[in-house]
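All chains are identified by letter, namely A, B, C and D, in their written order; residue positions are counted from 1 within each chain.
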Amino acid sequence: MTVVAVLGAGRIGAVHARSIAAAPDAELALVVDPVPGAAEALAGAHGARAAGDAAAAFQDPAIDAVVIGSPTRYHVQHILEGVAAGKALFVEKPIDLDLARADDCIRQVGAARDRVMVGFNRRFDPSTASLRQRVRDGEIGALEQLSIVSRDPAPPPAAYLRGSGGIFKDMVIHDFDTARSLLGEIDSVAVTGQHLDPDVEDEWDAAASTLVGVGGAVCTIVTSRHCATGYDQRIEAFGPLGSLRLENQVTDGVRAYTRDSAGATGPFQNFFLERYADAYRIEMDAFLRAVRGDGPMGPGLLDGRQALAIAEAATEAARTGTRVRVQPLPVGAA
Amino acid sequence: MTVVAVLGAGRIGAVHARSIAAAPDAELALVVDPVPGAAEALAGAHGARAAGDAAAAFQDPAIDAVVIGSPTRYHVQHILEGVAAGKALFVEKPIDLDLARADDCIRQVGAARDRVMVGFNRRFDPSTASLRQRVRDGEIGALEQLSIVSRDPAPPPAAYLRGSGGIFKDMVIHDFDTARSLLGEIDSVAVTGQHLDPDVEDEWDAAASTLVGVGGAVCTIVTSRHCATGYDQRIEAFGPLGSLRLENQVTDGVRAYTRDSAGATGPFQNFFLERYADAYRIEMDAFLRAVRGDGPMGPGLLDGRQALAIAEAATEAARTGTRVRVQPLPVGAA
Amino acid sequence: MTVVAVLGAGRIGAVHARSIAAAPDAELALVVDPVPGAAEALAGAHGARAAGDAAAAFQDPAIDAVVIGSPTRYHVQHILEGVAAGKALFVEKPIDLDLARADDCIRQVGAARDRVMVGFNRRFDPSTASLRQRVRDGEIGALEQLSIVSRDPAPPPAAYLRGSGGIFKDMVIHDFDTARSLLGEIDSVAVTGQHLDPDVEDEWDAAASTLVGVGGAVCTIVTSRHCATGYDQRIEAFGPLGSLRLENQVTDGVRAYTRDSAGATGPFQNFFLERYADAYRIEMDAFLRAVRGDGPMGPGLLDGRQALAIAEAATEAARTGTRVRVQPLPVGAA
Amino acid sequence: MTVVAVLGAGRIGAVHARSIAAAPDAELALVVDPVPGAAEALAGAHGARAAGDAAAAFQDPAIDAVVIGSPTRYHVQHILEGVAAGKALFVEKPIDLDLARADDCIRQVGAARDRVMVGFNRRFDPSTASLRQRVRDGEIGALEQLSIVSRDPAPPPAAYLRGSGGIFKDMVIHDFDTARSLLGEIDSVAVTGQHLDPDVEDEWDAAASTLVGVGGAVCTIVTSRHCATGYDQRIEAFGPLGSLRLENQVTDGVRAYTRDSAGATGPFQNFFLERYADAYRIEMDAFLRAVRGDGPMGPGLLDGRQALAIAEAATEAARTGTRVRVQPLPVGAA
């Protein structure tokens, strides 16, 4: 049995807790959350203990692995404490909103970074993983053009936006990771930012980004903070032998045929918890297997760092209207 | 130049006239219709002559081929007159509403039947033809189950229905021909008739038919005289290696994505003139090529006769509630 | 906490065990299987006890609910023992292979049948449930024609087939339940049986069935024990205002575009464990809620009995070539 | 009868000739081509006269309208001669490869430009026209993001490329017109050019362009001179209320289901003659109606000029790596 603690009893903590409870050979032992009652409610439903301080997880020798679902500003601290305590760690993205601070964290973690996994959940989506594998297997030849559409159903609350780091570090970072997982390292990025919704208090709430990979392939990412039809998540990989496309998944597979229209399904799945429900479960199963030594521990801190570096470059590109180079990993950081 | 006359200046006559006018190496010379002004209007638009009597077509030695789009009750007479005049003939289905009368016509036509083509337009629909060819090429192995859905958008007027010969001879006969073109000869048929719309003054306005081919394959045909979404025309051929499906074509290829639904196109193409527009043009081109000796003349009178024989058996099966054998071609008829 | 025992540690038992382990407020306490080691393996993965005899479940007063996943021939016995012990019961379909024996069981269970749920898993498939709800809400008007396609990927082993009760009681019974859940009670059935695969030692391995509902609607069910592309599970409901269709789900949502073809996804999900994975989980959650009094307990024994009655009529119809009436519930049975 | 001459007996000339021959109330009177035998072959198939010099068309008072399908370098000359002769004119795009020369032509044509139509055939594609109309009707609210994919199946011969004016004036100009017809006037364009195929002797054979409309909406156009699956022609319009998408049309509507994949159709229609066959016919019908005064004459010379201006800006943007403003119409040109 792998004994696991979860930090953070919010929506994503509950998702991971349920995955751990259902997994054979794993046990959810502890849920930590400083909000009064939050840890108790989630722990109680799965017969686990509750605590208000992360130290309860890091200092308990019976705990093998810690899932860090705390707010972003605590990620670096929890990573460093967890590594010091010898725990296997799963941390939600991003590592931090500041690239220099992330680089510093990686340097301190050192070789222990092979015990840390970063939550780029989309990599575990079965369809995304299949597309990536088929691209790597050469099914379409060398990738030439990648087209990503990524739209959230609705903007988050203003309070969330203020601490989010902006659309590129908060939202498009997932797509930058997807682009990098398909294209390899990214050389530069150009961005046309848009501000579509006057009620959104952020610099941009939509953008068209054009990434150039080190091998010359080009990736366009069309993003928006709103999408009437739901969570819009599409990828198209194009090469000399053909293309592979990932379309949206819908809330309801029934197709309707009426006097006015044909083939309508329900709208897209509403948001990430629905769209990536399988991905979250598979991701946690992969982490638990990696903790037991039965599989690779990844994506890791370097993947998290590189996606953040693209996001920083994109932010500057949107501000300046010029193409901006992505800052490479500092010497000695990894 | 192949010189052609068209009998009947109605909707289908106009379709054939336009195809002939556009075809290279063919000339529309004459349009015949006894309704005052009808022939003149259609002929005038294409620079052809008009007449009120079919004799004008059959007796004109300059005319090579005659397209018989007259009412069904005149088909046999026009076939026999055309054959006697040495014309190549294209006749709309059915040959006649009475199987015995059709058999008698075929006997009289004799060897000249290789100069007569019957208008099973769906055989020339590119998608239907492709499905048929791929089945014949063995792509799915020996055909085991065939599922046809065939629904008209709305019932015809009561006056038309009274002379139509019933749903099987008027409407399902096309699907019987499709089944036969895919399965080979049909041994027997069972039918569950339905009367769905109280305003339709006919014995049945819907039915589920189950045909058994001489080789043991089974075909179900689900039919209705109404379909809110338009002309519903689907085929699925199933065999040990897979299946081939033909879906509906829609009025508008644009897909809409809204708050409530995703992927809706416009409704199905409204009816046969839209759905089979290409088929009618390709069919007429095939007839004109066959007249010039550049291609096969078919489907022919025997195909028309066999589809009619299945329709007669289906009518009896619906009335009696029993499985009925299809009447084979009489000795000496062909 | 609802305390649950599972009888049967096979594939379906493992599915239910994992659902119970993941469910909040439920505990998997016991797994029973007479095969040495089977119960222990499944119980161990979820921290539960193991036993070899169903009495361990029925006689333990701490156990609230029993999931009966034992072989069909023990279903009636386990239902009667469970009811006598006051347990809430979930039993896999069919109740029994013999309609008279099922009727006798229902009579003995009496009023306690509101504590028994029957495993028609497809009713809990989100898409099927949505289609059913939308039909009931009148979206397409009164249902006129229902078309079901139901094909297994490959026939089961000969040993299984010998005890299966034949294609209608073993396989098509699910579709009969679906037809009944959409159309209401079924009046009669006609069947054209086929024997497509010479290696299958059963009376029929394919069939086209035509059901007539008491209200006059017609349902066709096309079935086969093999399908190269996987588990073929489709429904189309047609009414005066339109139609609703449920298409297959595929193993891989990625669409491929090549020199030769466009839009190909992976094949259909392989079989019921994949296709109905969500349905099994939702079904078990619904059962656990019903045990706690938080929701309806159904489908029940009468639903299981009626689907079996249609299957018996279909078997006779296939043998005799005639339309057969479905045997109504005996007076006093319910 | 509208009497028409066609200049150019190549592929596109043959398409227009057949449309004119089939159209009611129009007559193809003359085909002009300096290549020996070319005009005669096309004219002969439709019973028209042949000539080697365009003067035969412009000097014949019986001819009402001239279709200019000559090489691009003769377009301006033929427009000016045709206008001087008082003919209604249909001219294939582009007006010229040089923006200044096009502006000069427009100035000379003056008010007579309401007798000249420019061949942006895609505007007449039924699906594209429907999408445009629905955007204008406000179905998705104010257009915010437009995503166009436009790929040719294979690069043209080197000789053609040398005279083509480059990928933006030759190929993407159609997409610039589509963007403009949906977004309104374009303010600026940024381009990432690619050179994917070493055998193509041109500056770029692929590109990702980002256009900004005067109202702030953004359009991305992903282009390539090759596409293994055929002619790739897609549009997606996105607004606050939803989106409208136009997918590719395929050579064969039959879907195949096999052991390995599901739902594969034939590849995309091969190229523009297939994909826009209906558009070419509808375009010519619209021109003939406009000549008779029964409909609007458009798109016109100003539309051709604006698409060319965007193409010139895109060429510069690709070369410089900067965002380039589109040159507005000179004062007095229109």
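Methods note: contacts are C-beta pairs under 8 Å (C-beta built on N, C-alpha and C of every residue); 3 or more make two chains touch, one makes a residue touch a chain.
All figures in this text were calculated on a predicted structure; none of them were measured in a lab.
Q: Compared with chain C, which chain's mean CA position is the farthest off?
A: If we average the C-alpha coordinates per chain, D ends up farthest from chain C.
Q: Name the chain pair with more contacting C-beta pairs, choosing from A-C and C-D.
A: A-C
Q: Provide the C-alpha centroid distance between chain A and chain C, rounded to the nearest whole angstrom.
A: A distance of 38 Å separates the two centres.
Q: Centroid of chain B to centroid of chain C, CA atoms only: how many Å?
A: 43
Q: When the C-alpha atoms of chain C and chain D are each averaged to a single point, how far apart are the two points in Å?
A: 57
Q: Scan chain C for residues touching two or more other chains and write them down.
A: Residues 228-229, 241-243, 255-259, 266 of chain C each touch two or more of the other chains.
Q: Which residues, counting only chain C, touch chain B once they are in their complex?
A: Interface residues on chain C, with respect to chain B: 144-145, 147, 149, 151, 190, 192, 194, 196-197, 206, 208, 210, 212, 216, 218, 220, 222, 224, 226-229, 238, 240-243, 321-323.
Q: In the complex of these two chains, what residues of chain C are touching chain A?
A: Interface residues on the chain C side: 18, 21-22, 24-25, 27, 45-47, 126-127, 130-131, 134, 139, 241-247, 249, 252-259, 266.
Q: Could you list, by residue number, the parts of chain A that touch chain B in their complex?
A: Going by the criterion above, the answer is residues 228-230, 248, 250, 255-268.
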